[in-house]
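Note that the chains are named A, B, C and D in the order they appear, and that numbering of residues resets to 1 at the start of each chain.
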Amino acid sequence: MTAIIQTQNLSKWYGNVLGLSDVTLEIEQGITGILGPNGAGKSTFLKLITGQIKSNIGSVTIMGQPVWNNYPQFSEIGFCPEQDSFYGEMTGWQFLTSLLRLYHLSSTEIEKKADKALEIVELSEDKNRAVRSYSRGMRQRLKVAQSIAHDPKIIILDEPLNGLDPLGRRKIIRLIKEYKGEGRTIVVSSHVLPEIEAMTNQIILIHQGKIFAQGDIHYIRDLIETHPHIISIRCSDPRQLAQKFIHHDFVLKVNFGLKKGVLLVETNSRDKFFGLLPSLFVENQIEVEEITSPDDNLQAVFDYLIGK
Amino acid sequence: MSPSFKRKIGFFAKSTKDVFSFFFSLAKKSRRTKIFFILSFLPVFMAFVVKFSQIFQLSRDIEGIYIFNNMIIAFYLQFLILILALFYGSSVTSEELEGKTLTYLTTRPVSKSAIIVGKYLAYTALIIFMVTLGVVFSFLVLNLSELRSVSLYKILFRDVAVLALGLMCYTAFFTFVGTILKKSIMFGLIFSFGWENVIQYFPGSTQKFTIVHYLKSLLPSVSRGRFSFLLFRLEPSSTGTSIFMLFLIAAVFIVLACVLFTYKEYILKD
Amino acid sequence: MTIKERGYAHWDGELQDGRFPWWPITRIGIRLTFKRKFFKFFFGFTLIPALVWLVGIYVSERLEDFKFMMEGETDFLNVNPLYFKTYFTNDFLLFMVVMILVFCGAGLIADDLRHNALQLYFARPLKKRDYLTGKAAVIFFFLFIVTLIPGIVFILFKLIFAGNFQFFASYPWLILSVIAYSVLITTFFAFYTLLLSSIGKNRRYVSILIFGVYIFSDIFSAIFKEIFRSHYFYLLSIKSNLQQVGAVLFDQRTPWNIPWYYSLTVIIAICLFSAYILKQRVRGVEIIK
Amino acid sequence: MSVEIQQIHFSYGKIKALNGIDIRLPQGAIGLLGPNGAGKSTLLRILLGFLVPDSGEGSVLGYDIRSQQAMIRRYVGYMPEDDCFIPGMDAVSFTSYMGELSGMPRQEAMKRSHEVLYYVGLEESRYRMLETYSAGMRQRLKLAQSIVHDPKLIFLDEPTSGLDPQGRKEILELIMDISSKKDIQVLISSHILPDIEQTCSYVVILNKGEMAAEGQISELKQVQYSLYELKIKGEEQAFLDRLASMDSQVEQTEDKLLKVYLSPGTDPQDIFKIAVEEKVQIRHFVKSQTSLEDLFAKVVGVD
């Protein structure tokens, strides 16, 4: 598959403050999650690839064309900014139709598209209320609506789930996945890991303005195979289970947890470990209550990469 | 003209038109515009008062056109168009930055120049409309008895044209100021009511450094009445030069604003 | 031995019912104004008339030395209530006062509205009255520096330069006039500025209004007056009303031929109107219907 | 009893925001939960006296919400949801300013504001201008100003919105630390369930201006059926078929989590037997409680 968005040695400073440093990557079709703590450079990166700001070094191309001041191309891109700001006294409907007007469409088309977008984000009922009277979640949804209303091929969302309640979040996640199904390219930034996990496996980790990792979550997990993995098992007889593990070389450490019946096993080969586990339970008639991997989520990957 | 250039021009024109209609309808509805609208309509109210008092013989009889020329136009020229141009001109970029809404514009398929030009045109059109309406109404009210005289309409047309040129020119200038300065109001006030008010009375070519000089050159010199001192020592430029200069000034500042806006980076704080 | 506990620590003081709960607001307001670019420079500029008048007082005591410069015209150097009235009601001073208001007053409430800060104030034991007093006191501070303080300084220096209390004996009420007039215009401008500052969230817009409404009222009244030849139209002008009442307070002939209490009524009416609007606009949350 | 209200009604014009709310809050940290627009912020604003209820009575810390607002606000700290600050100030002067407004003597306020900023983790940037603060720092600053005068009751409106996981964890730890003090009560409004689960023992759920549920969290999330969550690796389909043949329902979520509803009487250990036979790895196996999120979805009535 060819890359939709390409960056080459992208670097950006604000005065003498580093925003982004030496980012070279390719983003392909589908959903890509940009992850990093606040102030890591996510927004800077998204502003650069949407041509909001100009890089000090390096270049960005979207579908082979440079982005900076390349306006005709922007009709293929939808962007949902992070800041919670709107034009003063507009209603939701006016906001959408006004912005759609900038795509040089006929007014019937504008109305059709605005209606559709409002329906998608479920704001149709409130479309004639002033944006100022919207709740935080409604404003967030309206921002998403303006980024998708013109039916772009590339959708770039900066913290779209911020300030949404669980139901609103679920809806937006579902929406983003639907768009992926339609063959679009979606770039989503977030600092909340489970959100990204729920949407995609393709992630880019940004921290201190640098790319720490890029690729499939599992691929990244494999990359750091040298980092041993901890599995927590709660069962009826942890000490008996522990005996069975000790003979295997892929088990590095066996600990008993603070809670009753918890066994913590550290391994450097999950595949072998989990391949063995069910049969151990069955053979020894151990009753399992729980198996979890405390560090098998993005947070752990993240913590490991940024050295915590 | 090469076809690609033509296409570019066509795209620019379309973008400008769209930006124009965006901001024209936005500004039309805002509360600020309503307040400024009332402000620019107060002379009409004043004209009514004058007219009534004339009908009921409450005041000495002054010709309607005299009041119109000396007071209404002085009010518009020396005060109102400056205030309007200052606010709307500096709004072109400042309000986008203050409200952090710039992103919504710069991610659309419209060039940055088109944003500036379209918004500038929208605001200028709006305030020209406001002022023209006020002027025309006050004119009609004040000259109610002489509405058949054609020469009067010439005066009206000339005055409206001068005010429109003034708005065009000042708004362009303040658009430019708003693009480079973060806090443009203080500078704008000092420029409008300091520089423009003082330098215009300087002798020789000095006064040609003000915009108001060219505007006043287009109006006949007023000899009677209290306001004649305002034209004190005007050494008028010719009509042709004045109109040319006004257009030139407007064009230069708009082009400068576009260039600056296209290449300057605006960083919206979170 | 005691070990400092980790985590949240209580504050072991007592919250007080301050006598002036608005004072912190004023202090911060003044400090923030001084931080603005060019403000100090500009404020210095506003004090120029005061300096000129002070020099005048000095000269008035040394008339003989300066006779050669005066060419006989020394009437205006007579330090009497007229001299004070001229200082307090001259157009330039009032104009500069308005410019100061643009600097120090435009953002007083507008900035709080813009940054949602009102709820921070009103989540604390602060009444609306305290908040408004605090903000108004910022304006009082700056305007007193160009009105009340120079007035008192003039009287003091006149006494010092003269070396006797004759001046004081001739016009014992003058100090009261100075105080009354300063309080009057400062109160008026405080209401005026706070009113305009509370109707917009945008500092630029408010600045234009503070400046524009003042100038506008003046032009408007001048035009009407010109048409009708009636001094009553000076009642439309903020400046003229202040000058009118000022003249009365300094026991001088009023500049225009209308009863001074009409002007006073206009001023008070504007203040009451402002108070009413402020009461509506300043609240903990913005209610959008 | 810190907060006690009866039959509070409030509407913004035509829009009904609160429709007859009764609350009697016990000691400890309390969560106020509900989707956006459920009326959480409105309720807090009524408790603070910003809004006067259309009808209904109530008291906060024993003071009447209608007539004794000034006393309430003396002993209450409030962290608003909106981004709010005063431009042109640094954190120390801002925080001590807020302390002074609450009635602290100026020198004490200054001393305390340094302590509080240190406590919320802003010690290094306390002399910086607030305009340059990031979203996370502003959040901490808002917390700092809400505790500077050592209040007895703290209202936190969406305290973790816009924070990254690290920042969120730290803020939650601060909140838990504060609420562990016996003499301080904390009321947290949030739509983020894990936040409430982590910090509070008692929860009030609002929906569309009405009370949807109220009670101890532990009581509210009782197990009602036997649900297991699994993550597996290997031949999925065969494994799923076998499970289905055991008369249990299997659901697969978006992030490849299997939810297995076992029919009563089935031994969960059978799952492992099937896994052995089908050579499937079980990488995650948790007996699910009705989580607060399910409860939330249930009482709120969507999905």
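The rule we apply is simple: a contact is a pair of C-beta atoms (placed from the backbone, for glycine too) under 8 Å apart; a residue touches a chain by one contact, two chains touch by 3 or more.
Note that the structure is predicted; figures quoted are calculated from it, not measured.
Taking A-B and C-D together, the chain pair joined by more C-beta contacts is C-D. Seen from the C-alpha centroid of chain D, the farthest chain centroid is that of B. Computed from the mean C-alpha positions, the centre of chain C lies at a distance of 48 Å from the centre of chain D. Each chain gets a centre from the mean of its Cα atoms; for chain B and chain C, those two points are 32 Å apart.
Chain D has its Cα centroid 53 Å from the Cα centroid of chain B.
Each of residues 12, 83, 134-135 in chain D touches at least two other chains.
Residue numbers of chain C whose C-beta contacts span two or more other chains: 288-289.
In chain B, the residues that reach two or more other chains under the touch definition are 270.
Within the complex formed with chain C, the residues of chain B that make contact are 32, 35, 39, 42, 46, 49-50, 53, 58-60, 62, 67, 71-72, 75, 78-79, 83, 86-87, 90-91, 94-95, 98, 183-186, 189, 193, 225-226. Residues of chain C that touch chain B in their complex: 37-38, 99, 102-103, 200, 202-205, 207-209, 211-212, 215-216, 219-220, 222-224, 226-230. Residues of chain D that touch chain A in their complex: 12, 34-37, 81, 83, 134-136, 158, 161-167, 191, 193, 233, 254-255, 268-269, 272-273, 275-276, 279-287, 293, 296-297, 300, 302-303. Contact residues of chain A toward chain D in the complex are 36-39, 84, 133, 135-138, 159, 162-168, 170, 173, 177, 191-193, 197-198, 270-271, 274-275, 277-279, 281-282, 287-293, 296, 299. Against chain C, in their complex, chain D makes its touches with residues 12-14, 45, 48-51, 70-71, 73-74, 76-78, 80, 82-89, 93, 97-98, 100-106, 108, 112, 115, 119, 145, 147, 149-150, 174, 177-178, 180-181, 183-184.
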